[in-house]
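Before I ask anything, let me first share the structure, which is written out below as structure tokens.
The chains carry the letters A, B, C and D, assigned in the order they are written, with residues numbered from 1 in each.
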């Protein structure tokens, strides 16, 4: 189970489409690897299907090669690049991400996706992207999409532990970028800083980061009646909706992060239990 | 000396165990149309191949994106209870060496929704359906079976083995007397073939198997998950909100096989569905040689949506060179 | 928000899980002299570190080539019986996903040879010795314990959990009443700290744990192996001559951890040695957080002779940053 | 556990020696790979310790990288080569050997050894090496050793299923080589063919191959009072003597193939149970 049956991307994608299906797990080629920070990596992968189908907020499952670690590692798609490539940005937190960090261009990695229901980008509005640390990647894809929307405006407010590893990528995609490190404050500091320039009736907040951060953002936005969408995280068994392992508590019951989400409207979330 | 001239023992079949598949030229394509060559019969119900999906690892909306459900020998669906259950809090899963542990706790929308949303769609897609029945009490099970008695479900699977619910579930499945009483009661309520799904968390599997059969079970399925857990060494706390959960995946394969083997030895005639760690046609075949009539694929489907179809295809090809076994299965009989 | 600013959860310790060790610069060298920083106490017996060798996976002649046995917290030795036992026929082992199954069947030269050949040498090398006691009957166990009562063994481990012998072994370990009677009898024969080694092949581990403690056990060790098997798909026959055997290795880790957790919850004070699938300091640490006083390394030692010392070193370093846990262990207490 | 802690050969060997020990499992470099037949491979590995300590009949444990397959794969050392290298010749029979067959020079493999008690080469004699298929490799190492013994003579009698894959290597090391394929006969045919030239009082038979073959050889030799040593095979748990998984039945009880063997005197073996 450590490697998919299919070792080239195109055939499985083609065959799946011919059969009227989505392609299952497949083995893709890594086209780029770059360290953005100590233990934060940017990886690009050739997968035309994922590149074509990725919405802002979509993620892919990557699978470690070793059989001791079989479960999927969900990673947000941070950008879609030319030539059928997707980009992910990940931190090394455990065995799987450590293994990924040791891969190099030309190596292969197993992938499933794109997965999940992404951000709902209704139309022209002022989008405020509020990200924390490794929650930034899905917001980059959102920035990429918003940039192509006529009349839309974007502000990115990013909080980091140390190095501002994503700023270089984000700054080219948004109208305004402000970022902050832990020792200087957090994203609420940044929100307070831009509040005066915001028209709540025309603003949408998209946020992704640690659950307590998103809860604070949702509470800040709630008080100001700014609609907010949260990109949630949960331990997953499958990532494609079959096992019900990844639920968050919502006002509509326990919903799957991987298929009903990962993006949920802030007002639908019940923070207490989902926050673990 | 002809057959033994080369040292080295076992010669591999053309098929690969998926777990270390290094062979890009496998040729097997689960997405191409395929005519099944080797069927099986479980408690009188024909399956077009001996491979089904294991309960709780198949969701129609999720899986039909990836393969044709009519391609499976059978579709085992998630446990349904009399009313909707919300299951356990998150986190509900953790990784284990070559496996996983889950504490989903039978979250499901209840039997009424199942009868409207899922079952008719599955039947219209051409699936053979094994409906998994969950309960907190004998009355719960009875209510669900009653609702399913006239449904188009092909078989009922009574889940007395879930380690993730506090009442009912595994506690019934570990007590031969209580189990016998429950199955006897359910037996009176339906003519549908009734499979009892057994837990491995017992001292004497034969006793619970026998109690089920004497209670009126038409078949047995085993194993459900083994109790287990993981701890986060950065906090010293269990990873699962529920602390312990059920272990499944390749890691449980030899244990599951041993359970099927022991039940088959004790009960030569009862149809058995073998479950546990199957991720390749080869592993499925080991279960058939251990005496199973059919198998189901669980955790492997979580790691690759098309795994159940792939296992079925691999097995179909492996059975080509094993006509004695294939013939027995086709007649509803088992190896030895 | 400081602590949670970075998404991604658990941050790894410097240590690596051996199972996917990709870090050549690990720095830990099990062959260099080392002063142990974190000891433990099991039933009054001090261990210089919380890691021992698991019974049946340590042989002095084999292992002393590779490391200094005095470096281990304790040396658990192969089960000894009143007279020499020849064990089961070959094949005695088969591979399983992330594990193995064995049917050695307690082949050993008997307690008399052990007392002459192995124990004095181990003691003269400076090892803390846990002597594993095997039997086919209560009388067998009693005979061995009698012979060991005045020996230099530091602890006795009563193996009532071997799935590979037809009488005694696991059958005693699954029956709380018989177990209680046996332990009570042995208790009267020796003042040595007596560990009872439990089998996971039971419905209710707490009942057998309690029976042992009430019989006079000073400590519990768990788990022994889980019943399992493999089948050769070229012949349709079991690989093991004995058909079934005992599964161990990384695959059983979450299951073993769950057993220790449940016993610790039920019996807050009994010393526990956690065993099952440990192949790294991190996995050892999970057992300590589950409530074990110490752990033992089994199958991992088969795959690398120095694994037990490596695990001990890794754990010793991991405990540096966990003074609360280390202090409890040093006092003979456990986490929570 | 799928990869050893030590990733270079020399340091672990040095450190072990400094500590007065044998080196444990280590990660070695593959220096050569060559296909000798369909699914029969010759691999050379750099490991100065193994090269120095290998006796005729010694074997090494090789370990697959994937964690689904943790157990050692014992393989006889077929030759010791210059530069601290050892050679193994193996057939692809299952997952582990398939994985090995896909390795290439420059790749690494985990190794433990050398292991086992080899052939007892007393001195000048006529050594008849009787090998079957993948039992030939340990006999090659024996031939290598015998070639350096003054006054010793060697005859190799090899039986193959198809291609005579080892002849090219063996012919340079023995005085006389005869080989045969299944469809033309077996090693007993070859033994009968050389019988007239044998002086039983000065002859030693070394045999390795399928157990039924070795039993037939032992019986042939027994009738002629020719001392015979058999290199046995058994499924192993550890390969270094700690687990007692690998026993064969002998007149002295069940002995470990990995440490008491793999070579046993034919007259000590009890064939019935050991033959499985």
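Here is the rule we use: contacts are C-beta pairs under 8 Å (C-beta built on N, C-alpha and C of every residue); 3 or more make two chains touch, one makes a residue touch a chain.
In this text the structure is predicted, and so the values were computed from the model without any measurement.
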| item | value |
| --- | --- |
| Chains in simultaneous contact with chain A and chain C | B, D |
| Longest centre-to-centre distance from chain A, chain (CA-based) | D |
| Inter-chain centre distance, chain B versus chain D - centres from mean C-alpha coordinates, in Å | 44 |
| Between chain B and chain C, centroid-to-centroid distance (C-alpha), Å | 32 |
| Chain centre separation (chain A, chain D; CA means) in Å | 54 |
| Overlap residues in chain B, where contacts from two or more other chains coincide | 10-11, 19-20, 22, 94, 97-99, 250 |
| Where chain A touches two or more other chains, by residue | 1-2, 66-69 |
| Chain contact topology (line, ring, star, complete or other) | complete |
| Chain B - residues contacting chain D, complex | 1-2, 4-12, 17, 19-20, 22, 97-98, 250 |
| Contacting residues of chain C [partner chain D, same complex] | 18-22, 24, 26, 28-32, 56-59, 61-63, 65-68, 78, 84, 86-87, 89-95, 97-100, 102, 104, 107, 239, 241, 249-250, 279, 299-307, 310 |
| Chain B contact footprint on chain A (complex, rising order) | 1-8, 15-16, 18-19, 21-22, 24-25, 63, 67-72, 112, 234-238, 240-249, 253-254, 259, 273-274, 276 |
| Touching residues on chain D, where the partner in the complex is chain A | 1-2, 66-68 |
| Chain C-touching residues of chain B, taken from the complex the two chains share | 10-11, 13, 19, 94, 96-99, 101, 174, 201-203, 226-234, 236-238, 243-244, 247, 250-255, 257-259, 261-262, 277, 282, 285-286, 289-290, 318, 325, 335 |
